[in-house]
Amino acid sequence: MTRRRLRLGMVGGGQGAFFGAAHRMAARLTDRFELVAGALSSDPSRAVASAVDLHIAPERAYSDFRVMAKTEAERGDGIDLVAIVTPNHLHTAVARAFLDAGIHVMCDKPLATTLSDALDLEAIATQSGLLFGVTYTNVGFGMVREARAIVAAGALGALRVVRVEFSQEWLAAAVEATGNKQAEWRTDPARSGAGCLGDIGTHAFHLAEFVSGLRCEGLAAQVASFVPGRRVDDDANVLLRFQGGVHGALWASQVAIGHANGLNIRLYGERASLAWSVADANALQFARIGEPPQRMERAGPGTHFPGRLPSGHPEGFVEALAQLYDDIADQIAARLARGHPQPSALLLPNAADGARGLRFIDAALRSGRSDGAWVNL
Amino acid sequence: MTRRRLRLGMVGGGQGAFFGAAHRMAARLTDRFELVAGALSSDPSRAVASAVDLHIAPERAYSDFRVMAKTEAERGDGIDLVAIVTPNHLHTAVARAFLDAGIHVMCDKPLATTLSDALDLEAIATQSGLLFGVTYTNVGFGMVREARAIVAAGALGALRVVRVEFSQEWLAAAVEATGNKQAEWRTDPARSGAGCLGDIGTHAFHLAEFVSGLRCEGLAAQVASFVPGRRVDDDANVLLRFQGGVHGALWASQVAIGHANGLNIRLYGERASLAWSVADANALQFARIGEPPQRMERAGPGTHFPGRLPSGHPEGFVEALAQLYDDIADQIAARLARGHPQPSALLLPNAADGARGLRFIDAALRSGRSDGAWVNL
Amino acid sequence: MTRRRLRLGMVGGGQGAFFGAAHRMAARLTDRFELVAGALSSDPSRAVASAVDLHIAPERAYSDFRVMAKTEAERGDGIDLVAIVTPNHLHTAVARAFLDAGIHVMCDKPLATTLSDALDLEAIATQSGLLFGVTYTNVGFGMVREARAIVAAGALGALRVVRVEFSQEWLAAAVEATGNKQAEWRTDPARSGAGCLGDIGTHAFHLAEFVSGLRCEGLAAQVASFVPGRRVDDDANVLLRFQGGVHGALWASQVAIGHANGLNIRLYGERASLAWSVADANALQFARIGEPPQRMERAGPGTHFPGRLPSGHPEGFVEALAQLYDDIADQIAARLARGHPQPSALLLPNAADGARGLRFIDAALRSGRSDGAWVNL
Amino acid sequence: MTRRRLRLGMVGGGQGAFFGAAHRMAARLTDRFELVAGALSSDPSRAVASAVDLHIAPERAYSDFRVMAKTEAERGDGIDLVAIVTPNHLHTAVARAFLDAGIHVMCDKPLATTLSDALDLEAIATQSGLLFGVTYTNVGFGMVREARAIVAAGALGALRVVRVEFSQEWLAAAVEATGNKQAEWRTDPARSGAGCLGDIGTHAFHLAEFVSGLRCEGLAAQVASFVPGRRVDDDANVLLRFQGGVHGALWASQVAIGHANGLNIRLYGERASLAWSVADANALQFARIGEPPQRMERAGPGTHFPGRLPSGHPEGFVEALAQLYDDIADQIAARLARGHPQPSALLLPNAADGARGLRFIDAALRSGRSDGAWVNL
């Protein structure tokens, strides 16, 4: 019997949205999903027009996500998974609706606009027993997983220092005042919750915990809104205290002129160090004490994560996001086959990871308001 | 009326093949094709098993490409396009069968194993009036197209020097003797035609002509089979003479230890220079005379080719190949709508470009056999 | 009348010492000094042997720096300048002896092993009216001065973020226990005062203030001795609060496996950013908002600091140190000619800058001992 | 007894000249030479003024190099070595005068403006029994010597491919028509002999033979004068045939916009590859087959050439040139002590290497004039 493609629905991501399109490309790349339903916009005519573009049948082009959840749950061929790609303030309500309807969820980060919403959602997701993925996309990069595996295998020895940065230029001036839709909602506290802390800081924070395998226990943060008139943070400069006294630093900035999207992480242990950067996403720098540093390439010598293409053929952002879709497809397929959870269950960020992002945002904002005082996480 | 997805067939690319999978990912990424038929293997049981994996209906899982061409041409819902991803020696026969059946073709390079076959195929393709794309994948990278546009706009002034390299390590030892299937057919003259000249040299050659907008008029080549026992060339070191006396150099090597897949091109004109490398595929180095060199990023300041994702979110090999599928989809859609050819018709490599690759191989091999004497192209 | 070479003496730097040799190379490179006297070692026979190697006349090969100061001050052809390259704990006493004798001083950093000693020395130096240079060598690199000038000219607009790192691998294991002389005194609190904070942290701190033109007002620091048994700090992870709310981060580590000597600084303003690294010391990365980043090379397009060699001919560490010797030679020559101070007086680090380094060390150690609490500087 | 400094004289290098100053810095850096005599300019008043600047006694400030050679040879304290840094057309006559006077020579490259002059000079130098160094400066870089040692030790196995490039922007426009003195003599066939082939091509050629340990047996070259009105070559694109069928490529260009001084070399063997670039002069890229590439740093793990400074402290062009002065100082000192030649005799480029540079120029120009035909060397 042929393994069928899973049925995917989407909330948000209509015409003009960026990240919904990325999700769809990622899902298609895996060849394990078929997009069959959507509440792509709250504007009904735009919802339908967007659905037509995507070959979604008219009767499954919803303008109300609650209707969509209910209707799909009742269909014999209803969706297996919903992807939530709305602005942040809607994540909670949408996720709740689909979880209530018994449908697995893949949700963008940050999980919510407040810590309490995020904790509620984490509880609901946990109680539901359903799958709940959170698209911290960068942990889908093959070499990020390779890095995690190297650390976990003990090749670095005990960790000493973890440094992570996510820097972007695009909000260095007040572009939200010039009609840029992306900038508008991302700098509107009501819709985004936080600024750079939520948009990119949570990525950096999750990446640091994901690769290091360590929990952050506390932080001290400088948080600023450097651009006059801006209503959310646009630069956060943070010390992190990891388990066991490991030194940590995190910088998230959307006023970092010269960086389109400068995510990187470095880890130093007693025996070796590792560095990865999205600008060179298919490689890792690996240095053992007293030896010349090495450049490891995805699928190249000494690596274990093959990816989709041979070494030297660059994989990008869509492949990373597709990896998360592959992870959740593995889990859904195992459930459909009444099998055991797959190993990638440990790698796919879940609701707890999502809520942890809000803990980070909350702690950083509180520290920032207290002149950088230390705050426990 | 909804714009339908185009129907795609594939010849070659069954289980275990690398490049067929890349084609399928690329086609899916565009969301403009649906894979509905295939002669994925000449082994019938493998053909069927491969088709099942890919959700191809059993009755469209062929083991004979001629049967497939004939049958699909007769169906009301027959394929719009066939992708040919067999070993090189089959390209000509397969392409001919589908052209004869009136079906558009997307064919891997090199077009054929002999120059005369390639010229025949070019003639047939031209006479057919059908679309014929050749997957010189690298010219699908956004920044390669940006580079071509910059040169075409005259920003470099008259060109003086063009340098291109494609270097790989993977055949530095006799891996074809160790059971590596990819290495086996690629180093078998009967199936590949040439070695590194065909496999990667043709990519480099097309890239040089594509970006520079110049025709190569002659060459002098050192061609070697450095690995003992190897039956095809594994290193070619070539001087190129472009129109107007522009100096050119091309290096293609599959014994280049340290390079997973080191394609790069540099162009120097009277007013500026440009450099691009697949290792940093989302950027261009651009230097105007007397000014500090600049790094231009895809979708970033000063660029015109947006790609699929915002600046700083890396696009990779699959996106490049998808661009070629987008190009041919544009053309097919225009024909279906009885419209004019789309501008990308000028960018999609065609049968003439494919045949030109064989001219290059032929000239380089002849020069190599004549102690590097100059040979006109 | 011929401009004579200035007469240079040296305290410390005998056979086996590294940094004394670097000072001598730097002084020779300028061609403005002649090494004529030295107390190169406190061991008399080694002092003489070292002097012979350096073509110093036997009667000016001292084993006691106080005798040297007194004797040289009395000679008609006594030294114009003394270079102090002893372990840190001797800096104060030696400097005081030469200042008392009326002789200009060039002293290694950190200025002292305690803040109070450093403040005393600053006071003495100021009262003496003599020249007092401190060899924060990195501010002698041409492109560091270029960076400072770019910031000072306002090209970045108001600064927002300053990030500086100085990372080394060499103390990642307990090499002080293996007979390494450099490691021994540098990890001995009695001789070094502090660990990585003094050895490299002070360099990073001065560099940040030098290039930004801003004063640091407070800091919060994680300070560790990661290597078991180590008696001084080997990693310091610091938030800096600069004037006007500018965010700052400083990392100094001598357990950073993979980095031979990784000093770098980045500055982000409202209109542009700058980055410099000692690993690419002859260049600056400069990015204006909304424009492609540029690479500026020393003596290349758009630069103002020519250095000693044409663009593209790398200058290194010795040239940077030589710049400081050129700076002080300018001042000494101006005084000998009864002229005005030269502009480079503003660039040569002085006793106040040296004392400021101790303020930084003291504040960081206090913060570290208080679980990273904020400390004013 | 104190080892005395050697006495150095200089011909050329007066006020305004660049390369004479570099030689003097290099000689001072070694601390083994004292500049005591010079014919720094053929203009007597400029010769004297230049000498005064350099602390040369007035009676040893010559305006005629023949007088200088004769006079110095007759002095009891005459010079041990003369550095020749005149324009190329004078090298032969000056070198001959000093060799005739029994004085060792350090001469800039290219050795002469014609092959026959160079061969004459080689013969004279050989017959004289005197030391004759040629300042192919780049082979003085520590990591270039490390590269040569790695190749010589067999770590690459049999070589297959050698690629070398030397590219500069500075003559991309007709700057010789704008009053640039350096450009004037270097593009004047009478004074320079050749253009980029002599100025930088000879460096690249010597570097290739030095590191590979192989002799080039033949070449095919495209040679152009791209800038209208230019009287010498400004771009040379060359295939090299090394002993044993090793493939070689050399590119020398002074119209290469974007490159201040882009010298680099790569070598590929059957077991490993190596790459070095002057832009990262303190490192080597080293890749063994089937292993991740490594970055080796001068004085770092796995290296054998310590240089003057610890790892991570960059050494530059002056240090490289100083190495050649150290090499010749070793030989002179050994002769003064009636000792055996020192091992560095094998590394210091000599008159035969200088003449070989002219063979290269001559062959490349002949090939260029014959439409790129192969020419034996």
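By written order: A, B, C and D. Residues from 1 in each chain.
In this section, a residue touches a chain if its C-beta (ideal position, glycine included) is under 8 Å from a C-beta of that chain, and two chains touch if they have at least 3 such contacts.
In this text the structure is predicted, and so the values were computed from the model without any measurement.
Colleague: Moving only between chains that touch, what is the shortest number of steps from chain B to chain C?
Modeller: The distance in steps between these two chains is 1.
Colleague: If you average the CA coordinates per chain, which chain's centre is most distant from that of chain A?
Modeller: Measuring from the centre of chain A, the most distant chain centre belongs to D.
Colleague: Taking each chain's centre as its mean C-alpha position, how far apart are chain A and chain B in Å?
Modeller: The separation of the two C-alpha centroids amounts to 34 Å.
Colleague: Using mean CA coordinates as chain centres, what's the chain A-chain C distance in Å?
Modeller: Here chain A and chain C have centroids separated by 44 Å.
Colleague: How many angstrom lie between the CA centroids of chain A and chain D, rounded to a whole number?
Modeller: 55
Colleague: Send over the residues of chain A in touch with two or more other chains.
Modeller: 293, 297, 300
Colleague: For the complex, give me every residue of chain C touching chain D.
Modeller: Contacts found on chain C: 2, 5, 18, 21-22, 24-25, 28-29, 31, 52, 54-55, 168, 259-262, 278-282, 297, 300, 308-319.
Colleague: In the complex formed with chain B, which residues of chain D make contact?
Modeller: Within the complex, chain D contacts chain B at residues 160-161, 163, 169, 172-173, 220, 222, 224, 226, 235, 237, 239, 241, 245, 247-249, 251, 253, 255-258, 268-273, 275, 285, 287-289, 293, 371-374.
Colleague: Show which residues of chain D lie in contact with chain A when the two form their complex.
Modeller: For chain D paired with chain A, touching residues are 286, 290-297, 300-302.
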